Amino acid sequence: MMSPEGRRKAILLAVALLAGCWLLARDLEPKHAHYVQAQMPRREPGQRFDPLLQHSRVGNVLLDETPFHAIVPAVLGVRELVASLLWIQADSLFHRGEYGPIMDLIYRIVAIDPHQIDVYATGAWHLAYNFMDKRMILDGIRFLEDGIRNNPDVYDLYFELGYTHQDKTKDFLAAIDALSQAVTKGTSTGDPQPPAFVFMQLAHALERAGHVDEAAEQWRRNVEVAVELEKQHPDDFKYDQLVYAARHNYYLTLRRRNERRAAELELEGNGAEALKRWEDNIRLAQEMLGHYPGHDQLEQDLKRAQTEVARLRAGKINRTPPPETRLEFTVRRKAPREIEVAGTINVPLYSRVRVILRDKDYERLVQENLANAKWRHAHLTYEFENVQVRDGKFSYTFRLNRDPADMGRDFNTIYPLKSEEYEITVQFDPRLQALFIQDRYGWNGERLYATDGLKEDHTLFGIVEGRRVPRRYLEKRVILRREEIE
Amino acid sequence: MRNTWIIARTTLGDALRKRVLLVFMMVAVVTLLLAMMLTYLTAREQRTAFLALELVIILIFGTLIAVTTAIFLIPDEIERRTIYSLLSKPVQRWEFFLGKFLGGVLTAGVCLALMTLVLIVVVFLMAMRQPESALGPMLQTSAEQEPLNVAKWFQRGGQDVALVLRGAYVIFFQLVLVTAVATTLSLFVSPTVNFSLTMFLFIVGQVQFVLKAALERNELPLTKVVVGVLYYLTPHFHDFNIMGSIIHSEVRIPVNHWLFAGEVSLYGLMYALFVAMLGILVFDRKEV
Amino acid sequence: MGVAVRMEGLTKRFEQRGAEVTAVDHLTLEVQEGEIFGFLGPNGAGKTTTIKILLGLIFPNEGSAEVLGRPAGDLEMRRQISYLPESPYFYDYLTGAELLDFYGRLFHIPEKERKERVDHLLELVGLAGDRAKQLKQYSKGMLQRIGIAQALINDPKLLFLDEPTSGLDPVAHIEIRRLIENLRDQGKTVFLSSHQLSDVELVCDRIAILNYGRLVRTGKVSELVTGRDVEVRARVSDTTAERLRQRFPNLRLHDGIAVVNEVPADSVNDVVDIIRAGQGELLSVVPQRQTLEDVFVEAVGMTRRAIGTFNPLSEAPQK
């Protein structure tokens, strides 16, 4: 047994230890709160998951802002585990084609663990692509935005957002915005720089948006990135290919800029400036042939440039304006919920027109109900297609009486037709065309001529050789009443 | 103190031979290997799911091993009457108690180390999967098809191993604390009751920071005081939960991770010593 | 020679099934240095409880105890004593040598000396050939012997041995007895608690008999077994034999020779007077010896009679 003195000392030591623990606990609490906070999803201002949490004022951030289904994993500290297990389950749902519960599931998963980057990426892909419900492209975008809000320090979701804008919404400025951020972020494994394809995608997006000068500059930087990567992988042939791709794209951008500008200048009668552009193209081709001697396409480019230089030096300037582009179309109800849009447009083979059917006030209704996906899906109708033009003709039938993804869903849930009026729009936008089609009209429709249906948008301008160029495209619209569709 | 260490070593040898421990260890290792079957996911998904699963498994099994060891440390000595042979020697009661506690800690530590070792090897091998290709969609290559960049593999693997070590380090001090609680409780209650009580304290310790907020909503100031006092008297197991920062290491948190780990481990150690002091004070007067 | 163990008014009570049981009842006793002291009593008498108090494993409610001049349970005291518990159990994963080494370390015996002692002790108890076997492979007898060995690891001045010959064959019994005698020859004190009365009778110098926690008999073995009763043989007439039988009903008469057993020492003169008065011939007057068992049974029986009622809590709690 301890002596009384020894016992006293032991009690004092115990009290001192407890006091020390108390002090440490107080210091640890706010620091640990950072760990807890980092696991919680960041929401849009004013947005709560659960109506039930609207008035919750428990005083603990986790309880206040965590939806019900996430509370148990959050409180037990197993958020990541539960989310991973749910994602594994979701994966099997994907493979079995059971798309119904998927949307709910992916929202739940990211509420439990907002750092599951692949859930955001794959989930958004399913929303924007797989469901083939065009209204869900917006949901995919918003899902990615949510993902970026929660994972701002890695490139992945910025890239996905940029790519989705470029591919689906065609909002190229938004794509550039996202991709510009993506190139400044590192990877989740700690690399300070994202993979090369991110840089490549940014350059493509810049070009698509008509920001040609920036696109060229970005390609130039991409060449540097590719060369650096090649040095790191000297024995891997694929990195040689990467350097070639970057260099070639850089060359093509500069070459096209020269060519297209030269065509515009010729139309204005400025042969001297047009000549300079073609002479520059000779230099560019020779420079590239220095890297890749004997390259067939480059040899052809060189010959062509030399031919054009010779022509211009000989004073043969082409001042013939391109023909006016005329777009006409009719709308016919083939059957209930089957609307045929057929028309003509004098554009080259492989050109595409975009055919859109949606509620008349679609944009406004979307903005008013941005956060309310359920409302949008219950009330809005939106379908579009990029239709190829053959022999100056095009035709497309909107079939609002079936599931576009053939998954057995009720078509009324995809095309609710709740509005009174609908707009059918047909668009020809040079920005969306293949590059060899763009050669004729310019990146921004600079050489698109039409008297009927030509639109000029000065907000979505391009920049070529330092000049602001408005976006020019053809668009015509027809309004239908619901009865004319159903 | 020498006797403490001597008793601790013998306790370790005794405890490691308990069959139930081996069963736990086997289950833990098998689960570890099963988790490797997640290879059909992307590299990042596999890493996330695997780390999330394994860290929880190691925590749960580590805790079960620590508790099932500690609840029998002293009761077994009394039941088998080996305690008479020990306490009749010039071994002070506190030396005996600390020696048993330290033996329990060493047992939990050895088991944790073995599980962590398996995890480290698997994590390092998993890091061979390259997360993304620089070339990617452009040249339609997947990361799997690229030749292995050994330097990058070691860098990734090394990072992940450091993360796992930080996680295991923090788990270890949780186990120290749990061992202290169970060893001290074993002086009062039977092993069955002890197991339930210790696990209850552990689970409450994980969730109490939330309970505290919920209970403090009560308007009575007395409730607030009582809840506050209980909150600071009981061990804060939830402070040890930093697994999120290991699984999603790219998320930036304005805390120095290793300093925090050091601080929380100090907390665990001090709390464990406090509980051990209580045990020593009680055991000093306990008739055997 | 000094006092090795001193107990004064030592009392220990336990709670058992709601009732209070007195396991050791105002025990006052001394054990001298250098003697082999036998501590006897039926099961539940309080023997083990007493030893545990002396070792500091449990604490008395009243009274005091000293061992080797230091308070019971004292740390320094424990350096100089050793304890072999009844049916000892050890960490069965250790080998015999490892066990002794483990206990040796607790005494902070330096490594070289410790190794020597371990070797010597294993030889002494006949386990040198089994030193590398794990204890779980030891028989009961082997465990008992390793227990004795661990009790000697620190070369103690005083040994507490609780049933040291339990589970041993007769040959081993003899060996242990010789060992204990050897210890006394070395000047050590042995506190021997045992049911083996034959061993105790042969080996102990003094004994104490405990029952229901109380000391009922103590003294030198030689004195205790030497009886106070006397056997008287005489050639007497039938009349004289009848007179004697009235006082001593166990008288046996054969061919005119009367034999009277268990004549109390203070009644011998009366018997002789009766014989002389009847003009008989006194043949012999011989003091009768008792076995220790007799002493024991009488002591324990007497106590039972003294208490009178059957005590349902006949076993004091063995903790």
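Which chain is which? They are A, B and C, in the order written, and residues in each are numbered from 1.
Simple rule for what comes next: a residue touches a chain if its C-beta (ideal position, glycine included) is under 8 Å from a C-beta of that chain, and two chains touch if they have at least 3 such contacts.
Since the model is a prediction, treat every value here as computed from it, not as a measurement.
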| item | value |
| --- | --- |
| Remotest chain, chain C as reference, centres from CA atoms | A |
| Result of counting contacting C-beta pairs for A-B and A-C, higher pair | A-B |
| Whole-Å gap separating chain B and chain C, where each centre is the average of the chain's CA atoms | 52 |
| Averaged-CA centre spacing for the pair chain C and chain A, given as whole angstrom | 96 |
| Inter-chain centre distance, chain A versus chain B - centres from mean C-alpha coordinates, in Å | 44 |
| Residues of chain B engaged with two or more neighbouring chains | 285 |
| Where chain A touches two or more other chains, by residue | 1 |
| In chain C, residues with contacts to at least two other chains | 56, 59 |
| Chain B residues within the chain A interface of the complex | 38, 41-42, 44-45, 48-49, 51-53, 56, 93-94, 131-139, 141, 146-147, 149, 155-156, 159, 206-207, 209-210, 212-214, 216-217, 232-233, 236, 238-239, 241-245, 247-255, 260, 263-264, 266-267, 270-271, 273-274, 277-278, 280-281, 284-285 |
| Sites on chain C touched by chain B in the complex | 52, 55-59, 75-76, 78-79, 81-83, 85, 87-91, 93-94, 102-103, 105-108, 150, 154, 160, 319 |
| Chain C-facing residues of chain B, complex | 2-3, 6, 10, 13-14, 17, 80-82, 84-92, 285, 287-288 |
| Residue numbers on chain C that touch chain A, as the complex places them | 56, 59, 73 |
| Complex contacts: residues of chain A adjacent to chain B | 1-2, 7, 10-11, 13-14, 17-18, 20-22, 24-25, 27-29, 31-32, 34-35, 38-39, 58-60, 62-63, 75-81, 83-85, 87-88, 91, 113, 115-118, 151, 153-154, 186-190, 195-197, 200, 229, 233, 235-236, 238-239, 241-242, 245 |
